[in-house]
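Structures are listed in the sections that come next.
Next, two complexes with subunit A in common: one pairs it with subunit B, the other with subunit C.
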Partner chain A sequence: MRTMLKAALAGATLLTPASAGVAQEKIELKLWHMEQPPHRVQRVQELIDAFNAANPDIVVTQEPQNWGEVYAKAPAAISAGQGPDLLFAIPDFTPILKDIGALTSVQDFVEELDAKHDFVDSAVDAYSYDGGVWAVPLYNMAMNLWYRKSVFQEAGIEVPTTWDEWKAAAEKLSADGVHGIGLPANKQLYTDQTVYSFMVNGGATEIYNEDGTLRFNNPETVASYKFYADMHKLSPADSTSWTWGEAEACFSSRSCAMVLQFSVIATYDSQAEGDANDLGVAAIPHAEGQEGHHTISYANAVMLLSKHEAKLQAAKKFVSFLLEPENYGRFLNMEPGLFMPVTADGAKAESFWSDPMVQKYRSQVETVIKNAENGRLFGFTSGRTFPSIAAISAQNIIAETLQNIVVNGQSAEEAVAAGQARMEDVAR
Partner chain B sequence: MSRPVGWTAALLACLAFFAALVGLPFWWVLTGSVKLPQEIIARVPTMIPHSFTLQHYQKLFSASDYPVYLVNSLIVAAVSTMFTLLLALPAAYAFFRLRFPGRALFYRTILLAYAFPSIVVLIPLFGLFAKVGLVDRLPALILVNVAFALPFAIWMLRSFLAGIPKEIEEAALMDGASLLAILRHVMIPLIAPGIASVGIYAFISAWTEYVFASVLILSDAKRTLPVGFSGIIGQYQIDWGLLLAGASVAIIPVVALFALIGRGFVSGLTEGAVK
Partner chain C sequence: MPQSPALAFAFVAPALLFLAAILGWPLVQALALSMQDVRVIGSPGAFVGTANYERILAAPEFWRAAGLSVVWVVANAVLQTALALSAALVLAEKFPGVRVARTWIIITWIVPTVVVVVIWRWLFSTSGGIINPLLVQSGLIERPVGFFATPWTAMATLIFINSWRWFPFIALMILAGLLRIPGDLYEAARIDGAGTWSRFRYVTWPLLAPTLSVLAVIGTLLSFNVFDVIWLLTAGGPAGGSRTLPVLIYETAFKGYRLSEAATISVLATVFLMVFAVIATRTLEKGEAR
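Now for the complex of A and B:
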């Protein structure tokens, strides 16, 4: 008996380290995202810590990256076996990784999440093509028209709903050193976004035909550029080099009466007067003859890159965790007022609406969410998504076309024709 | 012979204009970093701050990884500079003094390193470094910085060496000094201004290098200042105070370096120019 006991104890002793070894084998996940400002990194870390604590067999770590480099860095890192397991994306980034074979469809997973949380359709659409869904939508950003209610009231202006009203308002507000509107004309993504916001409200939503040929050069696009160039004359002279921050500063300092921006809430609150009752936000006006207000919207998502089954399952667990209503609001509010929910239950989540900044600017946030419902993204509309959109977007050809008008003095017809030629060129 | 008053006044005005052209942006950055956010973006800019706060510096050092980036940058720039000088000095002396087959060809060939824009070699280099486990490690940046600074450093130091009278070397040789001893005890002290110039060049190149640092480094804890700081600023929403505070701190090491060896640098530049 004693011998048996000894043997059992010896066996147990031998097994213990092995068991401990198994228990210590954790699945490590590397998350790359492009939310680099310190407060966003901190919020993501809080969520990661909560997830890691609730899932002792998984360890998620974050490595924040920069949008400026990730287009080159991610493919290189993946090729070298140093890539992440989860990588945040915008729609025109996904085709690049899909083309190098880094992605597998997550359609089943997205459908499962959709059944549970009810995704905004346009958010899923932006990642649905070529028979698959290539990323899981996480949050939305949509362009809006921002203004001060008191400024409109003093000038006797109603919130514009059509282009004619908009132009008249901008002209009336251009006085005493104030610019009626601040619109960028830089060859940069922000200008792509604002120009496309005009295009979707001018009947020029589609840049591709159904067969993949380009239809950028059409009368609606030309009219949209003409109107943009007209409005741009009321913008500050340095707006040809603007990115998002300069437009926000122009609005916050009261130098611009109106701007197109995803959100100005954080800057308005911290760097301007921060009067929630005075901050106005509206849908972007549309051309005469067009119906409904549209906007550009960026459904940001996360791509699951691991080919290792256990890691893939762990990554899905982490994404599911983020989208749970009790966590989702905290995730979105890493930048209150900028990141909007892409799920129906997320839009109602207590964790979202309980944030002090969201509470303060609740009516503005509600309007932004409503506007986002009519969001579109160039190259990702009506299922007309083709790989060349990645190159067209990367080279900012939409913005370049505008620069040809407002900086180089081309007519809208010439610039749009040249824009289509450039798009065809990079699409080859 | 005295200069006409009008001419002196015009000269002073000219100097003041160019001093303002160079100095005002620095003044703007430094004073902006201690203004309240509202004043930074005010419609009418204030050249003399109407408000004073250290909140941007406080945020920079307490709520961001800026100190980590700063230390990483200092390590990379200092070590890159040290290796550049350690390698460039004997190489420049060898090109200057030794006679070996292909010397002229090699001397000209080393400048080919500048024929390729860094972006062209970026991806192959990433693959290479990934194979040897150098990705996401500071030595990778040091290696790249040294490789890119070395050709110019060799060229510059060789031209300084060429300015030393041959008789001094000959005297040392007569006393039985070896080539290394001549380099160490005779030539290096004589070309100190040139070494200062090359050192400053290597330091600033490494301090401001962005392209390789942005791709070869993956984790936040290993980022250098230009890359890490560009991320802190934010994309859609810019914290202008944080931006100005970070920019102000970023220039301190370079200014300190110039203050320490600036006299040598200026002297080095002029000496190199007349070779």
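Now for the complex of A and C:
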């Protein structure tokens, strides 16, 4: 018995280092993303578990972050050597990390994925500047005009396609305590997004000249702000403090007849009628004289931050896994109706269209995908991207300009001129 | 027991070292950062001397934020003290349930800030909130009001919410002061024919004044540094109408990517607060000496 015990102990002693050696060989990847709602975290975890099971030599873990903090937290964590290996991003986040030397171009990897999955060009364009591609596009979000078909029918209104029609519709719908439209005027990202959605439909897409100087102060921008301020008069009084949630609540509660939003499907389905046949979504109307409907769109992406070759390869393997059509739909549908595919095969993926919510609101989702084709993002258009866009975006100067009109009573001309001066100041 | 200065210093040395580590070192770091031109955390910066101080002291946004901070501190001090004193006077009385009331009054203070923000944001909302419908039904207003829609209404609403959150804590401090006042004094005043107001004016107030003075100093320092409620409710808006110095520091550092300029504002704010604390402490000491 004693001999057996000795043998067992000796065996255990020999096995322990060997086991530890196997454990040490595992490549550990830390993923930071900003999809904080529990059901999104849960879906990401399911995909991570599937990946880890299929790749025993790699262990991916997720650490959800907050968009409000990550701009400051990520550079600090990276400089302290505690940064993530994969970090989700929107385009204006990448110049910050690129400037502190945390990013290396993933152009070859993106080209490889493009050959396999066929990326939507605009999604890659947003991350292509300074001779490199700085993140891998993962999903798209585009702003749309949401309304109830029954409300339009009762008021005898057709879906507006121009600004004049849009204003007339909003005025007609403003009755009996209902606001014809809910537009934000907070100094916050949502307002940046809605204002820019007006600007791209008013011919004010570019905020930079080719040489990097600013061209924000131009007649098209002024006209866009004037029209926005006019429409904002039909919005609730507290919209100067709105973020996305308040707009969705206003639409769900029928207090707002129309809103501009990436998607209202989730709240409409859970907190309002949930009648898919009545939920209308359309492209954002354009100014008279302009052609085509445009919108703001965000191609969200993932940055690969590890400088360690084995970790970098493992991170690429994980990203490739997410973009495989059988996984990609499940990834996008962590929030059905909000996150749209950025690859051609993803747009056809069974895993995307088989989701019950996507099936229920299929026509709306198809419209959103179509609208996203004409998506633009301020500071990331025409292949001209300048580092100052990070500060301009982070300080919400587009929204601040609007507040100067609707809160401080400045004229659109004064506010836009002041907006350009502020942009020049933060760009210094 | 022999009284040796060296021994006394040895006893307080660990505490001093601890304070130096957790307060002194960050202050030195902030001072050093304020004399560089660091923009993003982790990026290098060059020495620029007092250039940041010159720029900040010449910036209208800094003085506007400093002015709003003064408004914020004074208004909160007045409102919180008024609410707290009223509550403390009630809680000092004997009535059924007073023990429960003394315990439960603290609840607004222990609720997490984010919960407070969500509750009040919803209550004040024009879409589904209950305050606007109540005001409309009572005839006080004709149509829903945007409490965060204009700079002055936003500031007033924030002051109300912050005071609502903090007054129970101050009320308990005042209550402790009230309960220390000997009952004999009230009894003597009553025998002398003093009414309720006279007893308050000539007994309660003079004996409570030292407590209120200390609370005024502590409250000012705490109120000045409030960031969470303002940031979560208005983010300093609308149009900068509630951008106090802590909000400006955060915006400059983490939205404007000018870490050194933010450190400069922090150093200036610290100097203001230290000057205030020194003056207030000396005034209190003089008051006690008298």
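Everything below uses one rule, namely that the second predicted complex is superposed on the first by the 405 of 428 C-alpha atoms of A that agree within 3 Å, B and C clash if a C-alpha of one lies under 4 Å from a C-alpha of the other, contacts with A are read in each partner's own complex, and residues count from 1 in each chain.
Keep in mind that, in the parts below, contacts are C-beta pairs under 8 Å (C-beta built on N, C-alpha and C of every residue); 3 or more make two chains touch, one makes a residue touch a chain.
On a predicted model such as this, the values are computed, not experimentally measured, just so you know.
Contact with subunit C, but none with subunit B, is seen for A:N186 once the two complexes are overlaid on the shared chain. Contact with subunit C, but none with subunit B, is seen for A:I96 once the two complexes are overlaid on the shared chain. Once the two complexes are overlaid on the shared chain, A:F262 sits against subunit B while remaining clear of subunit C. Looking at the shared chain after the overlay, A:G289 reaches neither subunit B nor subunit C. By the document's definition of touching, neither partner reaches A:P56: not subunit B, not subunit C.
Look at A:S253: by the touch rule set out above, it reaches both subunit B and subunit C. Once chain A of one complex is fitted onto chain A of the other, the partner contacts of A:P356 are absent, as it touches neither subunit B nor subunit C. Look at A:A76: by the touch rule set out above, it reaches both subunit B and subunit C. Shared-chain residue A:N66: touches subunit B; no touch with subunit C. Annotation: subunit A residues 72, 76, 79, 249, 253, 255 touch subunit B in one complex and subunit C in the other. The touching residues of subunit A, counted against subunit B in their complex, run 34, 36-39, 41-42, 63-69, 72-73, 76-77, 79-82, 141, 177, 243-245, 248-249, 252-255, 262-263, 266-267, 270-272, 335, 338.
Taken together, the subunit A residues at the contact with subunit C in this complex read 71-72, 75-76, 78-79, 96, 99-100, 185-188, 236-241, 246, 249-250, 253, 255-256, 390-391, 394-396, 400, 403-404, 407-408, 426.
Across the interface of their complex, subunit A is touched by residues 40-43, 121, 124-128, 143-151, 154, 233-239, 241, 251, 253-257 of subunit C.
Every residue of subunit B that touches subunit A in the complex is listed here, in rising order: 37-38, 40-43, 59, 63-65, 122-123, 126-127, 130-131, 135-136, 214-215, 218-220, 227, 230-240.
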